[in-house]
Amino acid sequence: MSALLRVENLHTHVVLKDQTIKAVNGVSFSVAPGEIVGVAGESGSGKTLTGMSIIGLTQSPIKIISGNIQLDGDDLRSASPETLRKLRGQKIAMVFQDPMMTLNPVLRIDVQMMEMINAHEKVSKSEARTRCVTALAKVGIPEPERRLHQYPHELSGGMRQRVAIATAMLLSPKLIIADEPTTALDVTVQAQILKEMQALCKENGTALIWITHDLAVLAQIADRIVIMYDGKIVETGTAKQILLKPKHTYTQSLLASLPKAAPDADKGKHIVTDSAPTLIKLTNVHKTFGKQSGLLGKFAQRLRLTTAPLITDAVIDANIDIKRGEIFALVGESGSGKSTLGRLACGLLQPTGGRVEYNGVESFRPKTQNAKQARLAVQMVFQDPQSSLNPRMRVLDIIGQAPLAHGLVSRANLEDYVSKQLERVGLDISIKDRFPHEFSGGQRQRISIARALAVNPKVLILDEAIASLDVSIQAKILNLLAKLRNELELTYIFISHDLGVVEHISDRVAVMQKGRIVETGPTREIFANPKHIYTQTLLNDVPRIDALNHI
Amino acid sequence: MNPRLSRFAKAYFDDKIALAGFIGVVVLILLAIFAPLIAPQNPYDLAQLTIVDGRLPPGSEGTTGIYYLLGTDEQGRDMLSAILYGLRTSLIVGIVSVMLALVIGGVIGLISGYVGGWVDAFIMRTVDLQLSIPTILVALILLATLGKGIDKIIIALVVAQWAIFVRIARAAVLVEKEKDYIAAAQCQALGRWRILFTQLAPNCVSPLIVMAAISVAGAISLEATLSFLGLGVPITRPSLGLLISNGFEYLLSGRYWISTFPGLALVVVIVCINLVGDRLSDVLNPRLDT
Amino acid sequence: MIGFLSKRLAQSLLVMLIMSALVFVAVFAIGNPVDVLIDPRATQAEINAAMKALGLDQPFWMQYKTFLANLVKGDVGNSWVYNESALKIMMQRLPATLELAISALVIAIVVGIPLGAYAGLKPDTPSARFIMGSSILSFSVPAFWVGLMLIVIFGVKLHWLPIAGRGETISVFGIPFSFLTLDGLSHLILPAFTLSLSRIGMVIRLVRSGVREVLGQDYIKFARAKGLKESRIVRVHVLKNALIPVITVMGADFAGLLTFAVVTETVFAWPGMGKLIIDSIAMLDRPMIVAYLMVTVLIFILVNFIVDVLYAVIDPRISLTGAKS
């Protein structure tokens, strides 16, 4: 079978004023008609720019320096801009990562779909419309007629991504490039879209290039996998070969750092016994956002001085016991209330109803005795390493401010104290005078951990603390956390959407859906034998390497 | 030097036009400060003026031997000296009024955004109301009420400008206070005022500085306009605007220099400050800051 | 829609009420008008009689009550100088000012949008740099000085254009307009351009930054990936999004344009409200000042209403109830 797409020795550089980044540095691969090829790599591996180069959407300062791109007999590199434009949409299409951003917010769906047909074919309005309806129906959108009249903001994220996919498929292109199309979606939606796309491609004989950081997703969908690192392809092979018998050390390390519930991953979960004392206890905790207005507020709303607040229940009737020394995981999709629950457990938020106790006392209520001690005892590490460090403070102040303010250390000993914290999280003590922007995501997360530990906490709440990091870095941070836990006898509350990691590290787990805890229990039991229907779907939809179910 | 500052300076001076603007502003400020030493005469000292030298064109020599580079007005006042002293008045009015508006508005905005609730609602309604009235109208009414005088015009300009700083500071606080470093600080049981002034405030300064730079030019321009309308500084201490106004009637009869040169000086001042402000907003713009 | 209208109306009334109080306090504070109006050699009895005639002997809050009651009837009193209904005099001057302000707005939009779009689409070209440089100049140079220079160049030196007054006007529905006659149009050009200058710069900057921001969005990449023609991408996808802030900002700024006409009208002796208000402030003619302010506030409310409706029409994310989804 001759190849549909052939990429030979592609070099794409980012040309900046003072430096040139060789983002794609000699990439060659091919895609057969109807084949699904996964391109995997960590951030900065050049996978996205490879996709953009193929479809010819690179823009200054990104330049294709050299290489050959042949698509179905057309030479894309030497084609005129007008020829390229005609090929885009007809022979090759693209779907992007963030469905919130790929549709124009001020244009109706029908305008955005029909303009695609009109750009390439002369068809009547009614025929174009019929084709849009069919396309939407094919990607599983209910009431496609009605959707056509709507604006993007009226659709959910999953729906919007389906609209984008339907649009890409309107003219039955030979090749679709999908750049992380499900990364921004919840796992259950991701699972549906994966299935739908796979079916559509097989049905129409469309080839698909699926760009992702997530090897587990590729295990679900890809025929072949290309692994990229630092602008180069390090390994190519069938999905089975790559995932089960990786040859290149980089692929091996990528796979190794993926958390798997392997039997050898037992790391002393038995430390915690039932007799261990309860450290944090949540009883019938309720949290609503948007305060009920008082009399004055209602009057102001009447006069439209303020708008009426929207009232949402973020957490409904939560009951949790967290015992000393355990790793307690909170899982759920976005909007399930897991982060809110975490913030309630450390006193960042006050519950609307119910009790939050630390060591048997309701000590997070403002102005209670020992409130400060309780607060310091429960520290938090946040998801986004960009925003969790104050950009205008030096590392020394970031870590040292609170210990100094609370008298844990004197100003004279501050430098030494901070050095000790930095060493503990595996950072060089010479970075004390530097600012956050000088560090990588992983380093920032280490600084965040050091800051939390600097006030000698007993409990660490990790709110998606590794979610924004590359997998290889994730593994390192997880190792650090395991080490610190042993050294400092810490208790962790681990908040995550990533079931693989949770299964790997936690002792007990609570599953949340729409503000409620639907199921709680020892991790092994929940994963082996989920009782609640939601937990079952959730577990079923998680992409797994060991599944390879389509082969 | 502080690495942040040197990085900022490097980014700022990367642009030649911005460098020119910066040098221009520095030179203008120096000229204003040392006006009494540089100016050939003290334009406000009537004893130094010679009426017979009135309305001489640029480049004339006066009866007492003074060389009038930019000509004289109807009272025989050297225009160069008048411009240097007028520059002084204009810069003082512009810089002082913006500094006051910045401090007052900035602090109110920080507190408003941070505290939230009713305090915030009240402050913001007041600010909205104030901002819905055009600045020049606010200044017109105030000056009609207060009368003439440098202190009066400074008050009028502060009242006309404080609200925009409230809004900018508040907008910055609302963005910053949602960031996790603030949650982290709260987690570490730091006091709320400590968090406001050590953590939040420094991160809200950039947009305020940009606005202040642009506002100084706006304030100088507004003062000139008000003086032109006869509502600004007193005739005894003319600003550039008043000098232009005084020369207005001679403009039509061909004695262009009495009005044109102060006007050119005013334009140079405003353009230089705006160049600096524009570059600052490019360099400090958080969206471009990676 | 009806709910929206009634809410807007209530809001507007509230704003009018607050504004009337502010206006009253401000105007009340402007010196004692009797000092200006009456012969300085008048006796105390004459002064008292004059104050009584103007209602100035009443306590402050009584004066406000009378003021408010009259205001509801559309009466702000007679001008102390012209001895005629102040509101009527203002309304006679209003069309001239509106004509000037609207002409300036049209010039700003017609000139500003294409230049701003060009600067946004091709940011690194020399002409784009030139446009941006000029835009700084255009809103930083004081308008009155530009007006003076234009008078010197086009009026005094070149004798191309007239420099004062409205010229010949034609009445439509009893309202005189300048732009309908060649003479009137020639009188309008310089003041309208002077007034529009700062707004041209503003429009250029708004459009440029809007275009630059939109160009980086994923939906533009997606539109390119769909194989759309570049002209359609710019026309439909880029401009529609980029122009939304222009509408809001320029709408909110219209009141500013109206008041700024004060300066232009003074320079070009344009017989509008602005010229009148400056004279009235100098004469401490309270009813005139009140009339001016109330007319301005009314226009301001009206324009904001139009902008809100326009905004909701253009941006589907905004519903007329004001909620952003």
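When the chains are written out, they are named A, B and C in that same order, and each has its own residue count from 1.
Just so it is clear, a residue touches a chain if its C-beta (ideal position, glycine included) is under 8 Å from a C-beta of that chain, and two chains touch if they have at least 3 such contacts.
Computed from a predicted model, the values in this text were never measured in an experiment.
Touch-path distance (fewest steps) from chain A to chain C is 1. Chain pair with the larger contact count among A-B and B-C is B-C, by C-beta pairs in contact. If you average the Cα atoms of chain A and of chain B, the two centres end up 47 Å apart. Once the centre of each chain is set as its mean CA position, chain B and chain C turn out to be 23 Å apart.
Taken in their complex, chain B has these residues touching chain A: 3-4, 118, 121, 125, 179-181, 183-191, 194, 198-199, 202-203, 290. On the chain B side of its complex with chain C, the touching residues are 17, 129, 132-137, 140-142, 144-145, 217, 221, 224-225, 228-231, 241, 244, 248, 251-252, 254, 256, 259-260, 263, 266-267, 270-271, 273-275, 278. The touching residues of chain C, when paired with chain A in their complex, are 7, 10-11, 14, 217-219, 221-230, 232, 236-237, 240-241, 244, 314-317, 322-323, 325. Those residues of chain C that touch chain B in the complex are listed here as 15, 18-19, 26-27, 29-31, 133, 136-137, 140-145, 148-149, 151-152, 156, 252, 255-256, 258-260, 262-263, 266, 277-278, 281-282, 284, 289, 293, 296, 300.
Here chain A touches chain C in the complex through residues 55, 57, 85-90, 93-94, 96-98, 101-108, 111, 115-116, 119-120, 151, 153, 164, 167-168, 303-304, 307, going by the rule given at the top.
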